[in-house]
Amino acid sequence: MEAWILTLVTFFPIVGVIILLFLRKEQETQIRWTALLTALITFVLSLVMLAVFDPIDPDLQMVVRVPWFSIGDLQIEFFLGVDGLSILLVLLTTFLSVLAIISTWTAIVDRVREFMVFFLLLEIGMVGVFLGMDLFLFYIFWEFTLVPMYFLIGVWGGERRMYAALKFFLYTMAGSILMLLAILWLGLDAGTFAVPDLIEAQAIPANLQFWLFLAFAAAFAIKVPMWPLHSWLPDAHVEAPTAGSVILAGVLLKMGTYGFLRFNLGLFPQASVRLAPWVALLAVIGIIYGAAVSYAQKDVKKLVAYSSVSHLGLVMLGLFALNLQGLQGSILQMINHGLSTGALFLIVGIIYERRHTRDMDAFGGLWSVMPIYAGITLIVTLSSLGLPGLNGFVGEFTVLIGAFGSVAIGSEWFAILAATGIILVAIYMLYMFQKLFLGPLDNDKNKRLPDVNRREILMLVPIVILIFWIGLYPRPFFGLTEASVGKVVELVSSAALAMR
Amino acid sequence: MTAGTLFGLAPLIILFPLLGLAVNMIAGRRIGERGVGIVASAAIGLAFVIAMLQFIALGMDPDGATVRIAEWIVIGQLEIEWALQIDSLAVTMMLTVTGVGGLIHIYAIAYMHDDVRFQGDPSRFPRFFVYFNLFMAAMLILVTGNSYLTMFVGWEGVGLSSYLLISFWYEKGEDGIGNALAGKKAFVVNRIGDFGFIIAMLVTFWFFGTLTFEEVFREAEVMGTAAVGAATVITLLLFVGAIGKSAQIPLFIWLPDAMAGPTPVSALIHAATMVTAGIYMLVRNAPLLELATVTPDIIAIVGAATALLAASIAVARFDIKRVLAYSTISQLGFMIAAVGIGAYVAAIFHLVAHAFFKALLFLSAGSVIQGVEHAHHHGDSPEEDFNPNDMRVMGGLRTRMKATFWVYLMGALALVGIPPLVGFFSKDEILADASLVNPAVFWMLVISAFLTAFYIARQALMVFFGKPRSKAAEAAKESSILMVAPLVALAILAVGGGLINGPGLLPLTHFLEETLEDIEESEFIAAVAIFTTILALISIGLAWLVYGRRPVMSGGTDPLQSKLGPLWTAIRRRWWVDEFYDWLIVRRYVSLTRWLAEVVDDRFLHDWVHDTVIAPSYVRATNWLASVVDLRLIDRGFDGLGAITRRGAAGLSVLQTGYVRNYAVAVFIGLVLVVSYLLLR
Amino acid sequence: MTVEFAIFLGLSLVAVGAAIGMLVSRNAVYSVLFLVIVFLAIAVLFLLLSAAFIAMVQVAVYAGAIMILFLFVIMLLGPEYVESEPSHPWQFATALVLSFALIIQFLIVAIVLPGESGGDIGEVAQGFGSPASIGTLLFKEYLIPFEVASLLLLAAMVGAIVLTRGEHPR
Amino acid sequence: MSSSDLLPALPFLIVSIWAILLLVFDLFISNKGITAILAAAGVMGALVAAIARFGSNQVAFDGMIVADGFSDYLQIVILATALLGVAVAYDYLRRMDMERGEYYTLMLFTVAGMLLMSLAGDLILIFLAIELLSLPLYVLSGFARPEKNSEEAAMKYFILGAFSSAFLVYGIALIFGSTGTTNMAGVAQSIYSNQADLTLLIIAIPMLLVGLGFKVAAVPFHMWMPDVYQGAPSAAVAFMSVGAKVAGFAALLRIFIVALPELAQAWGPIVVAVSAATMIWGNLAAIPQSNIKRMLAYSSIAHAGFILMALAAASDAAVADKAVSAALFYLFAYLFSNLGAWAVVLALEQTEGRGLLIEDYAGLGRRRPALALAMAVFMLSLLGIPPTVGFIGKFLVFGVTIEAGLIGLAIVGVATSLISAYYYMRVVVVMYMRTGEPESRSEGWLNRTVGLTALATFLLGVLPGPILFLAANSGFITP
Amino acid sequence: MIPGVSMTHILILSGVLFTLGALGVLIRRNSIVMFMAIELMLNAANLAFVGFARSMEALSGQVFVFFVIAVAAAEVAVGLALIVSVYRSRSSIDIDKVSDLRG
């Protein structure tokens, strides 16, 4: 059984896809339910994985490792495995997928079947990215996620969807092909693509690490996106349908940070140590820049999109603090961002579905017509501006602690500058909340808006629960990651010692 | 019943408000206003009981205890848990908060009953008490937290609830958004302080390796002089936090706006409790302050300066609540200054005293306002733009609202510091210490004390004496008993509160000694006491000369205006601080973000880099721009596509002439090139 | 300068001259005739290089059959004067330049040609290049190419038919 | 020769004999559909023969025929292509009103030529094979006559083809002059033993490059391709776009790797340059195309560039074998993705060349979901996005390039394949994201072809193992 | 025995002829003449073959010439047929008129 779990978690959506292909496109209800059930079962399967997972063990677990095919003497394996670094992200993926599908219930009416097919394919790709432990396999999943996302944006997106879709495609592909070269080099050099073996070997000379690091970073930094490579993000987000944005912000961006965590830190520890200050610099710029730019937006979705730039800057800062607190914090922060930003996009989607505009000037005073909606939004907003007791703060604070004392980054000022983010984030988040919910209810179009219905509450409440849970008792989450993170930190610090 | 078990009950003090909050949130609409009020007040009442129990427990076991609930953030060396620290300082705060808070809750039941109707949305009644309980919970976390971080939870929590309560009538205020903006202002300004707090925590952790108070202080003690530098930095940063929360220079601007909240809010949050959190936090860190070098002086100066500035501004307010707001700021300045000069007990004592009389003043002000507003609403011809807060429309309420008048008087005298009221002892203690430690601070405080007496007298005269200056004022009636009862209770406290730390026995001092080691007993200096009292009386007399005989007409100018001239304008315009900030910071930031977003991001990164750097470099190679353009075209249809892209790709298309012989030439060229390469290598 | 060389030189001059003539003559018919001259000259060179059989084939197939075919086609289509100035400017110039370049390269290579392949041509065995020797070769080592050649001609035939036969009824 | 010599050449013999027979049968067959089926049968037979004899290395006809893994593998590819070629032509010819038996006969002739290309161990045979595959192709290009474009295509193809093969002949002549033999093994031998006269090769190698580069359309010998592909009947193009390329590479690889390995450092840089130029030119020029046939033509030029990367890598003796198998796999991948794409083109083509603009594909995603999906798969595969066979191909090619230390070339490769994303994805954009009412045919064999190729494109992307194994064990005989 | 005549001479001659042929293809617009030029190139090749065959006494060179001639014949068959059919539809043998496909 154990051996099968990961395979199932990754590929179960295929079942749904196949069923969908047999449904007639008129049977929209059945189609929706099939997709939803598929996602749900996948989520349950990932919970099984969680149950089997042993948090004490820092190494890969539930490993599936079978030879796939070989190129000459170079063996390529079908190699899945999960450890502390990835398990939370897998859970996040399966979890958000369910919610995202619920969100499409009434939002997607055109070509529902195709939508769901692409969505489930996307889920396969995302989970695969987090579980694939053979560089080749990883790369396949990595590239594969492009395609369905491309369609989700391009077919079901907004006005300039094709522009956004192609921009998204080209940007991300531009990064990943450089990574492909680096991957090839690694594989040919070491004779294997298996990540653990490569990490074990640590055979790459420092100066080469530098270039390979950059090659990988190219792919990941665009995905994250790190300043100044973020310009594809707002377009993609604004044009994408709600479900798309949720997944894009919730999971796809994390693929970038995860990549840094697993590959750059693991494979090129010395380069990581050397480059930490520079990454930190970009991260800090991103934090402040993103926060500042969000404040100037008129379009809610754009505001949230830029806020992602800011939040992920914090994640990157934590990663390259290269110490326990930093790493733990940034992993948790990935989850937090996934939850709260995901929720924010769901929320924007709800109002967009009702009013078909995202221009904040068109709203105001919604609180009195949609109190429940307002309440939930308030909680999510607070979580995203890092109110203690909610999830955002825990991640934020630990990351700051880590960054402040980080040897690798080498200066407290990065952390201090990053901390100014907590002021700026308050400014734009409250600005958004005020524009939407406070002030007089003067726009007639808003006077008779219905409050959130059962379905929408159903899809938001789980997130709210998690927001509180992580905020008040994050122990379980940290517990899952700490062993593996400890291992990474050891690795990096020993590399740092080797450099002196 | 042993102390241990009693301490074990401590978490309930937070739990009860949370319960009340939950009940009201879920069932608020069903159980009706009365129910909601009872639930909320009961929650606080029970909390008060718990606080008492803790007090008793401390009696049995003076060392107090740390009550652990669960671990929170544990990463490597970083170990933070949800835990309450029960010691005399915390308990003092618990008692004050729950006590005063409870009274205000009761008062609020009646007050809000009318208020929601005046504002025209009764459905919001439960929400108010939800927020109120939320605030209490947060405040109690703040005072009981055993580590910086847990304290910070409460710290931000009270900030949040203050935000929610200030913008409670979010559709009211200037152009319907005023209140919301006031709330946002409060939160953001506080965040600036929190920034300092967070950095302070970062430094603390990496210097002392822990964040719990006990351990940090133990470490600091062990290190002794080695920790001086760190202590200075940390306390300075913490003081930034205090500046934000306790509305000191330069961040006091948010507090007056905060008066947008309903009056009980002003009383509870922006007078009695939350704003004093900064003082509490500093006193909590007394051990570090003792070590630190520069910090105490800075704190003292800032505090005194604030006291002076705010008092001066208060003189020129016409809004009954704004006067009290600035008075609050100035009183907070007193406490901060006290902390600065090392008079921790005095600070706490004044904090408690202030909680009593300032709450009292606010609540009676509220009662006045509602009295007037009532009359206004039931009056035959309610004029437009009638502001029930404007003192110029009041007057002569002495006879119409007797109870209110008397309790208000008690409060006012307590504030002025007329013996034997509480204010006398508390303020005098501070002045006495100041006179010994730091003359500059002492004189600043004395002057502000003088001004205090003046403006409060001015208020009293304008509101209660002379003739009614509006129909509403004439028709004003005494408020309901439910509102008056708490007033009376507070009045008693304001009068007899002095006993808490009366000279001679100094119970509070001895009580706090358990927590704050080696604090010198502040001795009573008769000279100072007499001097200040006389000074106060003089200024009251002055006030009577100015306002007593010829009261200000409604909408009329203030007699002082002519006497003070430009000075008046300055204080009237609040020394232009708000304008300055608006000009210096707000506008700058807004334009900066605009610039970043529109110029840098949109035009530059988006269009310039993407469409001008990347794009043409592609064009040069691949007519990329054309492709972008034609992407945009895809929407409109491929009609223009062919043309545009062809134009772009002319570079290569031209070569593809369609003439066989040209192709042959290409082949030939290839051949010749390759041959020459081979010949030349 | 031996006799043979003189002959060689003469033939070369004829060949080259005729080739140039073919290029420049505006009338296609003249071009054909010039080309025939080239072929004949080359045929003689073949004889000189003791390739009797090939020389024969050259005359028969090339100068004979193929060229006649050309003539037929030209006659069929009518002697058309296609103005010879290039329709696009650079064509002619580039062509000349390139040709010069190539010739230069040929010269370089030919001059630096080392002795064993560049030196005088020696004697060969009797019957070298005789039909018999070629024939045996064709039907032994070169059987497959031979068959392929036949296949090729067949394919060409079919192709020619497909291309020339009257319009397919539509 | 002996009877044992016949076996290695069996597939070739079957096809050529069958071609002659079919020529005769065709006279008596009125329903040309039957001719098609017969042709397919012949090809099938040859395919069986090829598969049957896979893995046994033999040299026959005094080294004229070299039947090794390499040739067997390519024969299978070619024959598979031929089968699909017949399948796509079946209804197309009828629809386009150009159904004649000769089409299939000529196809069999070129197939014979292609097979011979892969088998040839002697330059003479290479030359003849090229002609044998080219002449019928010229005719097939003009098969739609008197349709002007078709004739023009044939004309251009012919003139340039003859021109370049003249270069080839001269190149062979010089090789002969330098080494005294035309047998590749012999050539290698004499170069190895320093009996060869290298100066002659200075001109010989470029001339060979011209002759063969023309067939595989390597820059700058590629310019015929867009015009020909646009003008020629799509069915013929579908077939030759793969077949001719495969044959061309068969010769190219064999000559350079078997006959001239000693001179690798001489031709290596040239191939690098040519391959880079080909990738850049092909991918750039494809972008502005609005006619899908032209676009695919340029794309196939670009792919020639990618395969040439492998040849360039092969100039490093250490990775030569890997490089060859990479190229072989790439050809297989190319077969399915490209032929499939062309099949879709056929499905949308209307008479008088309508339905060939990319914009005519608007709304295909709604109208023919399956067809559009297949097209998307082909596009992704040509672009090299996993999990398609195209990605594996690129992966291998880049791999060997890097292993040979040609990082620069590899970077050009990835950069250009990024550029290619633009025009491939544009087709997808149009199909799915624009509304329109495309006219399209749904014909049995066409649909089956599309389905089969799409399936293969995907499955081989997921499980490339078998083919990889085949390709890895399809080396040359090392004499 | 042909004293005085070296392989070099022959090579130069054939090279010149070959180049002239190529030149012809480039500069003539009359498709038939272009075609003839190609024949000339082939002949140049043949000359080289025969020369090499003679100089190194390898008969296979001459055999090769045989095949080249055969191929030439085949090409001519197809080529002329093409020219004819093009002439039918365009009533011209000017190659530059055959240039509709471009871009």
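Read from first to last, the chains carry the letters A, B, C, D and E; within each, the first residue is number 1.
The criterion applied here is as follows: a contact is a pair of C-beta atoms (placed from the backbone, for glycine too) under 8 Å apart; a residue touches a chain by one contact, two chains touch by 3 or more.
Since the structure is predicted, the reported quantities are computational estimates derived from the model, not experimental observations.
Any chain touching subunit D that also touches subunit E appears here: B, C. Farthest from subunit E in terms of Cα centroid separation is B.
At the centre of the protein atoms shown, by the Cα-centroid criterion, sits A. Here the two chains linked by the largest count of contacting C-beta pairs are C-E. Look at the CA centroids: the one farthest from the centroid of subunit C belongs to B. Our note on geometry: subunit C versus subunit D, Cα centroid distance of 31 Å, whole angstroms.
Each chain gets a centre from the mean of its Cα atoms; for subunit A and subunit C, those two points are 71 Å apart. With centres taken as mean Cα positions, subunit E sits 66 Å from subunit A.
With centres defined as mean CA coordinates, subunit C is found 102 Å away from subunit B. Shown for subunit A are the residues that touch two or more other chains, namely 162, 166. In subunit C, the residues that reach two or more other chains under the touch definition are 86-87, 91, 94-95, 98, 102, 105-106, 109, 113, 117, 141-142, 145, 149, 152, 155-156, 159, 161, 163.
Residue positions 631, 634, 646, 653, 656-662, 664-665, 668-669, 671, 675, 679 of subunit B are each in touch with at least two other chains. Interchain contacts (touch definition given at top) occur between A-B, A-D, B-C, B-D, B-E, C-D, C-E, D-E. Within the complex formed with subunit C, the subunit E residues making contact are 1-13, 15-17, 19-24, 26-30, 32-33, 35-37, 39-40, 43, 46-47, 50-57, 59-60, 62-63, 65-67, 69-78, 80-85, 87, 92-94, 96. The part of subunit D that touches subunit A in the complex is made up of residues 321-322, 325, 365-366, 369, 380, 385-387, 391, 395-396, 398-399, 402-403, 407, 410-411, 414-415, 417-418, 421-422, 425-426, 428-429, 432-433, 463-465, 468-469, 472. The residues of subunit E lying in touch with subunit D in their complex are 7, 11, 18, 21-22, 25, 31, 34-35, 38, 41-42, 44-46, 48-49, 51-53, 55-56, 58, 60-61, 63-64, 67-68, 71, 74-75, 78-79, 82-83, 85-86, 88-90, 95, 98-103. Of all residues in subunit A, those touching subunit B in their complex are 159-160, 162-163, 166-167, 228, 230-231, 234-235, 289, 292-293, 295-297, 306, 323-325, 328-329, 365, 367-368, 382, 387-389, 393-394, 397-398, 400-401, 404-405, 412, 415-416, 419-420, 422-423, 426-427, 430-431, 434, 437-442, 472-475, 478, 482. For subunit B in complex with subunit E, the touching residues are 646, 653, 656-661, 664-665, 668.
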